[in-house]
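Two complexes are shown next, each including chain A; its partner changes from chain B in the first to chain C in the second.
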Partner chain A sequence: MGRTRRRSRRRTLDARRARTAYLMLLPAIAFFVLFTYLPIGNLLTTSAHSGPRADEFTGLGNYTRAFTDPAVRHAFGITVLFAVATTVGALVLGLALALLLNRPLRGRVVFRALLLVPYLTSVAIVGLLWRNILDPELGVLNRLLAALDLPTQQWLITHPLATIIGVMLWQHTGYAMVLFLAGLQGIPEVYHEAATVDGAGPARRFRHVTLPLLAPTTLFVSIISVITGLQAFGQAYIITDGGPAAATDLYVFHVFNVAFEARDFGYSSALSFLLVVVILAFTVVQLRYGRRGEVRY
Partner chain B sequence: MAYHLTRRDLLRIAGTATLATAAAPLATACGSGAPKSDTDGDAFTVYWNAGHGYQAYEKVIDEFEREHGVTVNFQKYQWPDLRTRLLADLASGTVPDVVETQGAWVQEFAVSGDALSLAKYVAADGAEMGFPDDWLPATVSRNSHEGEVYGLQLHYTCSLLLYNRTMLDAAGISPPSTWDDLLAAAKELTTGEVYGIALNQDSSYAWPWLVQNGVRFYDPDTRAVLAPREAAEEALRFQADLAHRHRVSPVPVPSTDYAGPQKLLSAGRAAMIITGPWDLKPIADTSPDLELGIAPVLRQKEQATISAGASMMVPAKASRPDLSWDFLRRITTLDVERAATREAGMLMPRKSWAEQPEVQDDEHIRAFADGLPHARDFLEEIGPTGRSGEIADNLFKTLYQSIVVANTPVSEAFAVFDEAAGRALAG
Partner chain C sequence: MTRIGRVLAYVTLLAASAVTVLPLLYMVSLSLQTEAESLAGEPVLVPETPMWGNFVELFERAPFANFIVNSLVVTCGITLSHLLFDPLVGYVFAKFRFPFRDTLFVAVIATMAIPFFVKMIPLYVMMSNLGWLDTYQGLITPFLMDAFGIFLMRQFIQPIPDELIDAARVDGCSELGIYWRVVLPQVKPALAVLGVFTFVFQWNEFLWPLVATSTEGMRTIPVGLTLFSQEYFTIWNLTAAGAVLLFLPTALIFLASQRFFVRGITLTGMK
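Coming up: the complex of A and B.
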């Protein structure tokens, strides 16, 4: 009898605690509902309409149109290429820089700070800066090449996508480096010492100790980089205006133009929702396969 | 005595915070940049181009504020940002009182029902303000839809060939008047780091060549785009050849900045550019010693160039249309036009403006004023389709860049353009 009463009191206490917890969470839930889930709901509703005012019901028409639209296929293709290239670049360069600056170098704090500055700078400023640097006639880079008797380049004309991938890497590699540095500093030195005692050289220690223990960081950097790459907009908007001839018409920039040039909010909403689905799919796949590489000693 | 928060206190705080979070968007809905609703009676919101904030207009605004007891919220944007902002406002239903527009926006918004017809105001005040008799006819038609006026022209300009007189004189070359003359001159003037001519990356700068070759953006009878096609291909091919075959122009670099050729002319790196009066001030400011010449309108099949300029419209949902109309009326008086010309060298739509001393006594402004009779509105026929935003801004830009920047064969580039333009026109 006494035990039943105690259990009942505990259940009441648990329920009250749960209620308190939910009430404490309410502000955050309200925030997400208002600023994330309601807009997504609104986006889905709009995506089922067409016309300049998005007031003509079309059902799934905008979605079927998206799958047959060559401009969307092109924009999606180059955006995936952009995301993959910037992710691979950020992983390789970020890890290389982190390994370099994890050593006892003089002035390494300054180098770390300098490499992080581009990431802290607005994409608008970075875009304007590089647009001026890369201008083939009046830009500093070609002036420098000419002064060194090297051939000048039409950076934004011959290889525009590669050029904005380079700008993206210049801006974001510092952030990947900081994450890898944190990961490297979280690996206990004892593992390296044990491997050294077992006769492993620097290359084997890197391959069999450092890399596996960095797997969670690598997974995080790759997920963040892929999402950032798929959502990239400022590089196309500010540096190339999507050109030449749509060569840098990144997906979000394309969606922006569908909404604000073609004035088709219904179609742009459908395209936006499809991007959400794609990003979710990429993230799930990365999480599923990325965690296989994780090890614990 | 220390105060301990009870569970009940915590619940109250959580509830209050939730309400505050929920109310925040409502409280900030009319935040810093948003147009005021009609309950904020003293604010009058005007969206304006960032480059057109002249003192002459500020003076009109001061008088307008004094007379009507309102505060003008004069918001300035670059054109693309202004369009983005306006479309977002139209979608939300909270609109500004007056909007400065470019290209075929007035017709586009008239077609979609987002622009207010000014017919009743024109009927009441037109004769007194000289409208439409004192306005160049093209400036009335480009702001009309199905016989009703939806906008008033603010500036009316055209594009002409500007050249470095010292360079042409040194080479013994007269200002070109045909495409052949221009090509010969450009070849002669291209030396070392100097280009004979600099083409613009902005695709609208391709249009003087197209209209000189007799091209129309849209033929409403046949529903053909860029017709006659052979003439359109020839005009775009000619521009591509200037950059890629004859190498007398740098290849235009795609970006949102249209000032590249002006900078090259100012820096002495280009001898000729095609542009409008908006580049006169930057050239004078950055290279005051440059001897600038302005050639008459070029001729190929026709002696023609394109008109440009800005208009003003009132959104259909504007809360005080009478006040909006009064703003339009005040800012288009001849005195204000003359003041803006003195201040910025801008060209104006009134016929009587062209006779004023500000125009006749200034060699450069007079040259542009003389070009106006040859100017065509290349968007005039595509505007009423309501698809000019997509076709003229997006698809034509891609076509221009394919041919002139990327040197793609014209047939290949046009095949892509035709497919997309057909889809856009079909809606």
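Coming up: the complex of A and C.
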């Protein structure tokens, strides 16, 4: 008798606490429904329509159009190249700098800060600054080269994609470096000591101790970097305007123009959705292959 | 470490730091140059007479005061909202038991996989229907909360002993009172990380303010500055002055709290 009463009291208490929980969650539920799930539903609906008001139903028409659109294929190709190149670059440079900073050097914190500074800047600053530096006629780099009697450059015209890859690396390498540094500091010293005792030199210790133990960090940095690279927009919008001759027509920049210049919301919605699918596919593949490289000692 | 190794390490780090910092120093220099100095001849790093007037002229040529106010309102609004809601939601997921809790948590966390630009077009249409384009609410509401912030706060709140929370409850503290007086004080360092990180990223945000504003008076600094430079293509000393203004708050925050910022980056690696 007493026990059932206690149990029912407990039940009402649980119910009251559940109600409190729901009340406190209400703003969050409303937010994620209204600003994430509803927009994605709308995106899918819009992507099945065409016309200036996106009100003519075309089914999968926009998607089939995307697969045969040479401009989209070109934009997609250079964007994958951009994402892969910036990822490989950030992995190599970030790890190299982290290895240097992981040594007992004076001023490590200062160097870490200086190397991270570009990551704090807005893409607006990055874009305007590098457009100025690299400008063939008025840019400071060519004025400097001319003053030193060295040949001048026209990289924004001769190697536009490689140039914005470099600018992207300038901004994002510090982020990879900080993550690698944290990863390196998480490797217990005993593994290196044990390998040294077993007669492994620095190169073999790096190959067989450091790299395998860093695998989770490497995996994470490469996933984030690919995702960031596939979504790059400001570099094309600010520095190159997608040119010359669409050489830097990055995918999101292309979609932006289809939506807000051509005002084709149906087609641009389909293009947006396709990139999400690609991003998820990249992530799944990286997770699958990356996990293989992980070890536990 | 050998002597040569040490020297090589320093030389490499110095060279790499020069690559990251010199362009930004040049930007500061450029902001203080005369138009002639900024355009031709041998480049100057230290202008003969610093042109502080560039900063005045910038405000005369473009509504820069508006840009600054807009950036402050939007960034502070979003940061405060994150600081208010992310820990609250994280607390509920960490410390309450209720039906569908795990389903709801997964539904929140899953939004991390959705990049912002995917929502760009539908949000634009939605804001346009609401009449919220070119308004503060249009700039702020899409960023009111953040799944990663919620996840992070849940991780930090979970280790708080339940006894502490129950004791406050027995003492007659209200549920919001418990959150405010018991839970939040325990996670102050995590809040600092969340605040610093959110501020810096929202301050720099480019795509959404570009899409969601159309009149000059509503632009934030990154967008206003970019469009200004497109209009006055070669007035680089003034563009640089605007870039310095845009960079100043993040640089100061970074100087004051490098530790929090670096911690924030390594926490993103926890995902």
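Quick note on the criterion: the second predicted complex is superposed on the first by the 266 of 297 C-alpha atoms of A that agree within 3 Å, B and C clash if a C-alpha of one lies under 4 Å from a C-alpha of the other, contacts with A are read in each partner's own complex, and residues count from 1 in each chain.
Simple rule for what comes next: a contact is a pair of C-beta atoms (placed from the backbone, for glycine too) under 8 Å apart; a residue touches a chain by one contact, two chains touch by 3 or more.
Treat the numbers as computed from the prediction; the structure is a model and nothing was measured.
Engineer: With both complexes superposed on chain A, which partner does A:20 reach: first (chain B), second (chain C), both or neither?
Structural biologist: Both: A:20 reaches chain B and chain C.
Engineer: Please work out whether A:52 is in contact with chain B alone, chain C alone, both, or neither, and reply first, second, both or neither.
Structural biologist: first
Engineer: Return first, second, both or neither, reflecting whether A:31 touches chain B, chain C, both chains, or no partner chain.
Structural biologist: both
Engineer: Who does A:124 touch here: chain B (first), chain C (second), both, or neither?
Structural biologist: In the superposition, A:124 contacts chain C only.
Engineer: On chain A, which partner touches more residues: chain B or chain C?
Structural biologist: Of chain B and chain C, the partner in contact with more residues of chain A is C.
Engineer: Which holds for A:291: it touches chain B only (first), chain C only (second), both, or neither?
Structural biologist: Touch partners of A:291: none, neither chain B nor chain C.
Engineer: Does the superposition put A:71 against chain B (first), chain C (second), both, or neither?
Structural biologist: Only chain B; A:71 stays clear of chain C.
Engineer: Report for A:244: first if it touches chain B alone, second if chain C alone, otherwise both or neither.
Structural biologist: After superposing on A, A:244 lies in contact with chain B but is clear of chain C.
Engineer: Determine, under the contact definition given at the top, whether A:260 touches first (chain B), second (chain C), both, or neither.
Structural biologist: both
Engineer: After superposition on the shared chain, which partner residues are touched by A:275: those of chain B (first), chain C (second), both, or neither?
Structural biologist: Touch status of A:275: second partner only.
Engineer: Which parts of chain A are touched by chain B and by chain C alike?
Structural biologist: The overlap between the chain B and chain C interfaces on chain A comprises residues 20, 24, 27, 31, 35, 138, 237-238, 259-260, 265.
Engineer: Chain C touches which residues of chain A in the complex?
Structural biologist: 14, 17-18, 20-22, 24-25, 27-29, 31-32, 35-40, 42-43, 46, 97, 100-101, 103-105, 109, 111-118, 120-125, 127-130, 132-133, 138, 140, 143-144, 147, 170, 174-175, 178-179, 182-183, 217, 220, 224, 227, 231, 233-234, 237-238, 252, 255-256, 259-260, 265, 268-269, 272-273, 275-276, 279-280, 283
Engineer: Which part of chain A faces chain B closely enough to touch in the complex?
Structural biologist: 16, 20, 23-24, 26-27, 30-31, 34-35, 52-54, 70-71, 131, 135-138, 154, 156-157, 160, 237-247, 257, 259-265
Engineer: Given the complex with chain A, which residues does chain B contribute to the contact?
Structural biologist: Its residues touching chain A are 7, 10-11, 14-15, 17-18, 20-22, 25, 80, 83-84, 87, 90-91, 108, 112-114, 201, 250-251, 253-257, 260, 263-264, 267, 269, 386-387, 389-390, 393-394, 397-398, 401-402, 405-406, 408, 413, 419-420, 424.
Engineer: Touching chain A in the complex: which residues of chain C?
Structural biologist: 1, 6, 9-10, 12-13, 16-17, 19-21, 23-24, 26-27, 30, 39-43, 85, 88-89, 91-92, 96-99, 101, 104, 107-108, 111, 113-126, 141-142, 144-145, 147, 150, 175-176, 179, 200, 203-207, 210-211, 221-223, 225-226, 229, 234, 236, 239-240, 243, 246-247, 250-251, 254, 258, 261-262, 265-266, 268-269, 271
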